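Before anything else, here's the structure in question.
A, B and C label the chains in the order they appear, each numbered from 1.
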Amino acid sequence: MTKDNGTISKQKFMQELRRYQKGSVTRRHFLGVTGLGMATTVLGTAMPGLLPRPAFAAGDIGDRVILATWPNYHDEMNFEAFTEATGAHVQVNVFGSNEEMLAKLQAGGSGWDVFVPTNYTITTYVGEDLIIPLDTSKLPNYDAGSFEQRFSDAGSVDGTLYAVPKNWGTTGFAVNTSKLDGAPTPTTWKEFWDLTMAGYSGRTMVHDYQLTTIGNALKYFGYSFNSVEEKELADAEKLLLDAKPHLFAISSDYQPPMRNGDAWMTMCWTGDGKQLNVDMPEIAFVLGAEGGELWSDYYAIPKGAPHMDAAYALIDFLLNPEVNAKEVLAHGYPSADARTNALLPKELLEDPILYPAAELLNALEFGAAATLTDPNRAELLARFKSA
Amino acid sequence: MSVAIQTIAELRGVTKIFGDVVAADSLDLAIGEGEFLSFLGPSGCGKTTALRMLAGFEKPTKGEVLLDGQVVNDLDAHRRPVNMVFQHYALFPHLSVSDNIAYGLRQQRPRIERKIISAKVEQALETVRLGGFGPRRIWEMSGGQQQRVALARAIVNEPKLLLLDEPMAALDRKLRKEMQIELQNLQRQLGITFVLVTHDQEEALSMSDRICVMEGGRIVQVGSPRELYDTPRSRYVAGFVGTSNFFDATVTDASPNHITVQMASGRQLHGTPEIPIDTGQAVCVSIRPEQIALTRAERAAEAALPVTIHNRIFLGEHTEYLARNEALGDFLVLVPRQAELNEGTFNAGEQAFVSWDEGALLILEK
Amino acid sequence: MTQRGRNALLLTPAGLWLLVMLVLPLLVVFVFSFGERGAAGGYVPAFTLEQYANLPARWTAFKNTLILAPLGTIAALLIAYPLAYFLAVRCAPRWRTSMLILVIVPFWTSILIRSYAWIFILGGRGLPALLETIGINDVRFINTPFAVLVGIVYGYLPLMVFPIFVSLDKLDKRLLEASADLGSTPWRTFRQVTLPLSTPGVATGCMLVFILLMGEFLIPAILGGGKVFFVGNALVDLFLQSRNWAYGSAVAMTLVIIMLITVSIYMKFISRLGGHRDDVSLM
């Protein structure tokens, strides 16, 4: 709900989803188009003592499992089913950014059993010795072959499996085409920045997140999204500083201003793009032709997890294609698991925003660990923000 | 009684209503220049309201307040040439003693020269015998000293009226006596008109030229302390000004200057009326304790009643006896030391007679 | 037990609390501020003044904070004082409690949510749209320093109102009558009696608001659209995003030192201004 969370789109997406579930006019339309919305996720139920316990436990995995994840990223009914099957209650801790998760694990004593890191953080966790290799014998539902490789690669470091894929998405931009005065919809990051400093001055938003904001500025010059080259970063910084006076805001909370017309264009994660487009068809979601970010979230087990057996049991349960399909229907993010996709409605799989065309997808880059932890990039964004 | 030469302040039919409470009911009163006048009455009698209307803190609901012949109903407090000594002094805690005293002078426009102000402040400090205390902080002063600062703060402005709202209430008994004398001297020395509000009859009797007794928002009697004491018009006034013995009675003969009343017991007594009296009227008779003689033998006086001594309290110059008459009830009798020496001390249970001289029995409004 | 022993016992819980929650963390921050950033963020022990030398990179954040915090304090004071005065002096006693509750009610809701509400009030469809109806076009409030100021004043108003209300409420109303009685006009009475006697409340309110504003980050983040950057925002970024703990510690230490200096100057000023005993009650 605050400004400093990179992967916020998930949360925002579900917030919007919930808003419509509460019975606004566009509800049926919304559900019809997206195929979403059976589930209502309830988070933060951290009082296992108050919940009814099953008469017997299926296996001796303890009475609870603690999951650190993103907001509105699960189907609560799946958790209930898990509790019923195993006797372990799922306690959910919600986080706003990978940096926060990393900070918490670095500080020690997190008490987590399972958490949901994004692709580019996994090598850092391994390097800092914060997560354990996964024992696939305890994950019968994990079938490496059924995952699209580009979304499962990052789970292994030096041939050892540390994390299994959860969901994936992209970062592009959303643009309100009704303000273009008939000009064609921009398709590149170059156009994004040029338009920001021209016709859309005072109406554009960029993320409060170095990975995407700097990455997409680098794309203006055709550099890699992940560049940490001094010269290239200097170019990006100049562009950002030039653009700053023209920005409406530097914030990852872009849905409200896009909806009320204060902002006309914004950097945007898949889910938000879909949501904005559904409600306001004049808002287009664009993946910059130069490329941009592709991301993938994973399940992993932190070192020293207090309920190790329950951790494996939960991950395995969530990897079950039927369970996973329910998850996808609840939160709306694409899955990389072919077995899961086989169970999803066709409209969902054919949605151009959620599942972009291959050539657009191929231009995208995964964020790199070095990009996230690079001190120069962090400092660059800080300079940009405080300029 | 010092006769008021010229009226300086006046209440004309002044009524003040707060919500549905009539705090002051058609007050009529003229205050003479240089006079020391007290409003006397229990709390809630309207005396403070009267004072506050003179000060300008309250506006009369009806009637007129006059100062120096001018109607001042609509003149705000800060424009009236009147100053007040507040009950708890209301000294400014953030100012020194001399700054407190100089406060009023500094408000005057055109401005008074600084030198003159400090000279006046010094003089006021001397007047209240606080010379040298000027730089002190208020909280460094004792209660009595604070009282004098409050006094100095008011008189330094040479007001037409100095209003004193229960100024001695917070002082102990000894200090109060001293202050009473000091206030009286001050008033004579300065020639300022003082208007005092008090519930303490002794304070009112000892200091005032005139006392205005109030009850339930009304003025019940105005007069010199002696007048009020000797010729109260009602049982209320007689009870408030000094102590007295009261009995219910009915008028049987209303001849001018000589009234005969019949007591509940059937006994007939004679008295002096302070009010117009009709035959058959129910009245109250009053006899002051010091006007009763207590003797062993029946005196050939106007009335002599047999009593039994019930209680004796030695008070130094007086001895106070409680004597009971079978028919009329208790009499409080004050026997001067000399008389007691002549007659000898009475002991509880002893039989005796009470008697009084013609004219001592007052016939009052019930 | 001796009086001294009892006193020590009384102070022990607070002392321990301060030691664990304030002194030790501050010490940690102090030590960290001379260290270096680790490869994956965090802190690596070292002794270098590099972090302090790098402070100018956050100049804008310090500048914004040092301008907007005092400005917000003053604005809150200008709004809070008349309100507190009305509540304490003018308001009929039977309404006072309900009015006070109205002042507190916003505190029952998180400042986050209240600040979010301002996004919509100050956003394009809020005030600017209203102004357009009377012919004033193209006004932008949201994501400007002005919006941050509005949010600050709104968020911190009760903190300013209450101390002032308390000092005005305990002010002896007879002093006001005494002043009027001595010939002072209402305005001069206010200046010469009410204002000086309410300085302890004003001082406390200003101090509370100012100190909190110096560390503020939420309101600038929400209403400044990331464009109005406070030191607090710089710290959040440094600790949670770039995880440069050493530099963050140096920035935090600098903020603490600036606050200590301003607050001590301010205390001196206030105690000289009032000078009467009640001023000891300041803070």
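Here is the rule we use: contacts are C-beta pairs under 8 Å (C-beta built on N, C-alpha and C of every residue); 3 or more make two chains touch, one makes a residue touch a chain.
Since this is a predicted model, take the numbers as computed values, not measurements.
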Central chain (by mean CA position): C
Chain whose average C-alpha position is farthest from chain C's own: B
Chain A and chain C: spacing of chain centres that average the CA atoms, whole Å: 36
Euclidean distance of C-alpha centroids - chain A vs chain B, Å: 88
Distance between chain centroids, defined by C-alpha means - chain B, chain C (Å): 56
Complex interface listing, chain C residues touching chain B: 172, 174-175, 177-186, 188-189, 192-193, 196-197, 274-278
Complex contact set, residues of chain B against chain C: 55-57, 76-79, 82-84, 86-88, 90-94, 103-104, 107-108, 137, 139, 153, 157
Residues of chain A that touch chain C when the two form their complex: 1-4, 97, 99-100, 102-103, 106, 124, 127-128, 202, 205, 208-210, 244, 247-251, 256-257, 260-262, 373, 375, 378-379, 381-383, 385-387
Residues on chain C engaged by chain A in the complex (per definition of touch): 37, 39-42, 57-61, 112, 119-120, 123-125, 140, 142-143, 218, 221-222, 225-227, 229, 233-234, 236-244
